[in-house]
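Next come two complexes built around subunit A: one with subunit B, the other with subunit C.
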Partner chain A sequence: MSYYFTILSPTDTPIFNIAFGTSKGGGDGIARFRFPDTAQYMNQFIIHSSLDILEEAQWTNGGMYLKHIDTYPPAAAYISAFLTPSGARFLLLHQPPLVPNPASSSGLGSSSLLGSSGNTVRGSSSTIATNPTGPQTEEAVRQFMNEVYESYVKTAMSPFYKQGMEICSPVFRTRVTAAGKKWL
Partner chain B sequence: MAAPSRHSAMLSVSNSTGTPQSGSSDKTQIPQQSSTPQPIQGLRVPSNRKTIYDRHLNRSRNAELSRASFAYLFAEMVTYAQRRVTGIQDLEKRLNEQGYPLGLRLLDLLFYRTTTTSSSALSSSSTSSSPPNRPLRILTLLHLIHGPLWRLLFGRSADALEHSVSPDTPNEYMITDNDPLVNTYISVPREMNQLNCAAFVAGIIEGVCDGCGFEAKVSAHNQPTEMWPSRTVFLLGFGESVMEREKVLERAGIK
Partner chain C sequence: MTSPGDATPVKPPPSFSPGSGRNASKSRYPDEHEPTVSIDAELAEARSGSSPTPPLSATTAELPIRSASPQSRSVRSSTPQLGRSSLGSPLEGRFGGSEDIRSLIIRAFSPTVAVYASDDTDELVRNKGFKGGFWELIRPYGETVPGKVIIRDSIGSSRAWEDYGVRFVDFKGLGRAAAGRDPERGSRLAQIEEVLDQQLGSAEGSLGHPVPSKEVLGFPATTPLTKLFLRQLLSATPAAPHETFGHPVASVIAISSRNEAPLETLRQLYAESTTGDKRLPDWVNQEYLRYYVLVHDEERDDITESTKLYDQMKRHFGLHCHLLRLRSSQCVVTDDDSVQVPHCEWLSPQEHLSGVGEAETLVDLGADGTPYLFDSDVSAIQSFIRELIVQSVIPFMENRVAVWNDQVASRRRGISGRFMTISRRWAGFGSSSKSGIGGPGGGNSGNYDTEQHFYLPDTPEAILRKMADFAFMLRDWKLASSTYEMIRPDYQNDKAWKYHAGAHEMCVVSMLLNPLAMSSKIKLEDVDRMVENGCYSYLTRCEDATHALRCLALAVELLKSRGGSATESAAKWAMRVMDFGLVGSIGHILFMERVAACYASKTPAGGAKWGARRRKAGMWSILAAEQWLKAGHPTLASACFEEAEHLYADVLDADGVFPMPEIQTFVDNLRHAVKVEYLQARGFEAHAEPAAEDPLGTEEISEKLDKRNHRRSLIGLPGQLNAGNLMNVGARDPEDQPNDDFERA
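Up next is the complex of A and B:
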């Protein structure tokens, strides 16, 4: 499972993003998307295209965690969203590993690594990787989002931080990485 | 001269040994004993090695600020805003702008505290201990401001919440505070009697409304009564887009 996580300010400025892989089931926490290395912008493209749906969903559901809101079938990408009360959007794109494995060894950047991690993930059947829309995944993502939210509030409370500024604190990045390791 | 010495106190890594008089010996010894990981390039870590991310947001939850120091700080803020202003409106606008970012922050803090503690401080707008909902309708937002926000700021709820009776202005709501804390120690000169320094609080409210996606203009007005000489009414005027959405949501039956 590979993840791409973005925080968007209320005015649609990306203020933080990070890509990481699963650490559950023997994963090594490195993102391996099925796009070639030259097409990493696809993640941003997919994730930002879900904003329309998010803006509809945000007025029908008063919760902060809006669960899985969008799917992009060509890339088998799922997008979960979390809205802070002050209007920042947390978007998480998750792409489960390819189930039929042979395709993975074709010309992708890190083919050998991908093959091995794919096997181990499939080995443990009940991990969240197997079912991207299942309740287990929703819960794990919710925990992840809540933990990031805590760090985000701490950032926002800093008097030197203005809403809409990029979050460049390395401590914040470590916090997000740690939350990803813990829950996803 | 004060600045460099304060800097060295904040950057403990090498200088912490040189401050014997501070009583926090156990704190300063930790970095010496353990071979701490190299701090990330260019990042300044405070002397107790606690960044803002290591601090707990709920620690000061029930703590109260000294009223004297607040009054002093607020007086300075008003003085600062008063420099080179063209008139009372301009001054109020500046105070409003000082409050606005505070409102945005308080909103996040308020929700964070209610989600983590599960004590239902937001109970007026949500049910029991489930995570509170973002306000979707004007009324829930107003209850949020009137109750939880006011309690967070001033330790009590606001005194009244009213809807404009005039049919011309259905988008106007009023929140009344009989004795606003910010005005307690402020006496306005007679020639400026239009001024109400609670414009700062109006700015906070505006920040909260805007943060939730309710575009609004908020202003503070003096409406003294015999019993409450510093009674202040905060007038909230919501934008047209908000009123339109309100109608759509009402039809959809969303609360």
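Up next is the complex of A and C:
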């Protein structure tokens, strides 16, 4: 599982980005997205396009954590979102690892709404890494988001930080990395 | 309808048409006569996408024809009951672009009429320059019936249709094409791809043509290429046992006045087509209408003789006869009243590739390639076809539907029928349990021939399917969808998977086409499930990629035309098509465009700012542009790109800059590449004569290139930390930090 985490300011400007991989189950914490290295803009593209859904979901969902809101089937990328009171939004893109699997036929019979990509495998569906929409994943993302939110509030209260500025505090970055390592 | 791209279709004959109905139908395409001759036919269609809906006042009855048939003219159409036609299609106006597609899909499922002509008739027609004989002569005119056609549906209300048509097929080819029904899988899809490629090649070749300019505001326009793709896909499937759209509804049996023994010949032709070795395969229902035509040679034969013969024919064969008066000499372009023969709209991919429709690209018009006809011949043929359809084919179909509905369907719907089905299903016995007892799954009806994989045409299952198809072709979608719905479980019981898939597919299509079901909420989950089932059966159980693709493509287009949340479902299915790898590289890009179009057609709910899918549509457009560029079609790429800019215009800031730097870099690079390649493709001619005819707004593009510098001017705005005012936080982060790579960490 590879993750791409972004905080967007209310004007949709990214104020914090980080890409990391899973540390669970022997993961080394390095992101391996399915796009070639030259196409890393795709992550941002997908996140940007999911703002459409986010804008809709924020009015229909009561919580701050909106859970899984959007999917980009061609790359099997899943987006979870979290709202903050100041209008900043946390968006987490997670992408299961690409495992070539000749045995499983195309995902026709499986759940259609998620547009399961034909060449992904879900392996054992109990772990976070393999089931991006399962309740365990959802819970883990919630924990992660909450922890990041705490750090974000503390960072935003710093007298040197103005709203909308890019967050370049190394402390914040370390905390996000730690939260990622802990939960995802 | 006559496709506007077909250069100059039937001109209304000046001497014959005092305010006829055909004038009205022609006015749909106001810009038909644009002087862009070099544009390919298909591409020209784009500009007519926004054609106004035709006035309803067009009348049917009077047609400028020299009808030789002494029968009273169309009894029914003389009293057009326009009662329900105001219901026309509630979609009109709301989704301008999708109306085209709906009409295209509706017309794709037209009744098939087989043509079986005697040798002397074919000889006569061949002298006129039609190598394929009588069939080739009348084929283009069958695709549009001039004037309105009034159809009565199962509950007795009538409805007038402007764009009705039939598909003429060669009787001799009908069984054979179906017999050679298993070419290596996917070759038909490959052919479609090839046709697209050819089309693209010829489009790029004709230099400097205006790009298919999609409408800027009414975004969900369909590119002509997509239409071509759909049309190819819909005409790619030959007659098959599991659906009866390709089976003849009627067959035209033609002789000419040159024949020595006319009545005997007619009998012989009938016998040959019914019992002889030329008869249709077993799975075709033999109860189709026979229509007898006497082709009179105006120049060589005596009309009194022919009239006498015609009267004799009527006495022998009943009312389904027609006397068609044609001149036997060949018409050339220099003749006074020459009219170009329109091109067939529904050519199968094979025909496209073998160059049937390619005559138009020949530069030397008037050569053998483009046939011409005399004005009088054209109107005679048109009146013949109109009479055939309005007075014979449609009443016949209405009658069959009524009879079958009465005898077969209502019995099934009734309480005893239900009981029978249930008992068959659960107990494994039933009225017709020939083999049902030991059958796997507990009781299939036994009507399904598991060796040859079809139902015989007189079994209830086959008849119900035929009835549903007839209802569909008569555009009675309500009856069609309920019938498909009814027979779906039967096919599943019998494990007749192709029938099963077909019933699911057509059930979805007819349900989505039904304009009356617009208001009543169709459950999208039902539709999704049926599409899923249908394409699973096609793809996995039958390995029929062509039909699977057709099923998915129809679902995409029709769901898209529904609007609302159905568009997201449409986009999902379009992505699924790409996922399955059903399409080749060009088809892949086309479906990317379709995804963009689906998202773009989702409008915000009730004036709110949210609910649209502009960003998603924009992303798919950009990606499609990138793919077009990679495929070497910079003109299409720039069209896509331009579209993306329009889509993003709403969601981005006024200066059109993406908030995310990596996207911005990518888009800038892409824009540059598109521009360079586009100019190269046009041989730098745009430099010589800059802004005059450059349709792509490259000026606008170059202006945007240096827009990045302006970003800095936004910096100074002071940001508020007091977060009470959420709307007011417009400040951007300072850009003057040297490193932009914070997202790489």
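Operating definition for what follows: the second predicted complex is superposed on the first by the 158 of 184 C-alpha atoms of A that agree within 3 Å, B and C clash if a C-alpha of one lies under 4 Å from a C-alpha of the other, contacts with A are read in each partner's own complex, and residues count from 1 in each chain.
The rule we apply is simple: contacts are C-beta pairs under 8 Å (C-beta built on N, C-alpha and C of every residue); 3 or more make two chains touch, one makes a residue touch a chain.
For clarity, every value in this text was computed on a predicted model and none was experimentally measured.
Contacts of A:41 after superposition: subunit C is touched, whereas subunit B is not reached.
The wider contact with subunit A, measured as residues touched, comes from C rather than the other of subunit B and subunit C. Legend: residue contacts after superposition of the two complexes on their common chain; A:162 is shown touching both subunit B and subunit C. Of the two partner chains placed by superposition, A:179 touches none, neither subunit B nor subunit C. Legend: residue contacts after superposition of the two complexes on their common chain; A:19 is shown touching subunit C, with no touch to subunit B. In the superposition on chain A, A:59 makes contact with both subunit B and subunit C.
Look at A:152: by the touch rule set out above, it reaches subunit B but stays clear of subunit C.
Contacts of A:92 after superposition: neither subunit B nor subunit C is touched. Shared interface residues of subunit A (contacting subunit B in one complex, subunit C in the other): 10, 59, 85-87, 162-163. Those residues of subunit B lying in contact with subunit A across their complex are 40, 43, 51-53, 55, 57, 101, 104-105, 107-112, 115-116, 131, 133-136, 211-213, 245, 249, 252, 254. Subunit A contributes residues 6, 8-19, 40-41, 44-52, 55-56, 59, 73-74, 85-87, 105-106, 108-109, 112-113, 115, 117-118, 161-166, 168, 173 to its touches with subunit C in the complex.
Across the interface of their complex, subunit A is touched by residues 528, 532, 535-536, 539-540, 572, 575-576, 578-580, 609-616, 618-619, 622-623, 651, 653, 658-660, 662-663, 665-666, 719-721, 723, 726, 729-734, 737, 742-745 of subunit C. Listing the residues of subunit A that touch subunit B in their complex gives 10, 58-60, 62-65, 83-87, 146, 149-158, 162-163, 169-172, 175.
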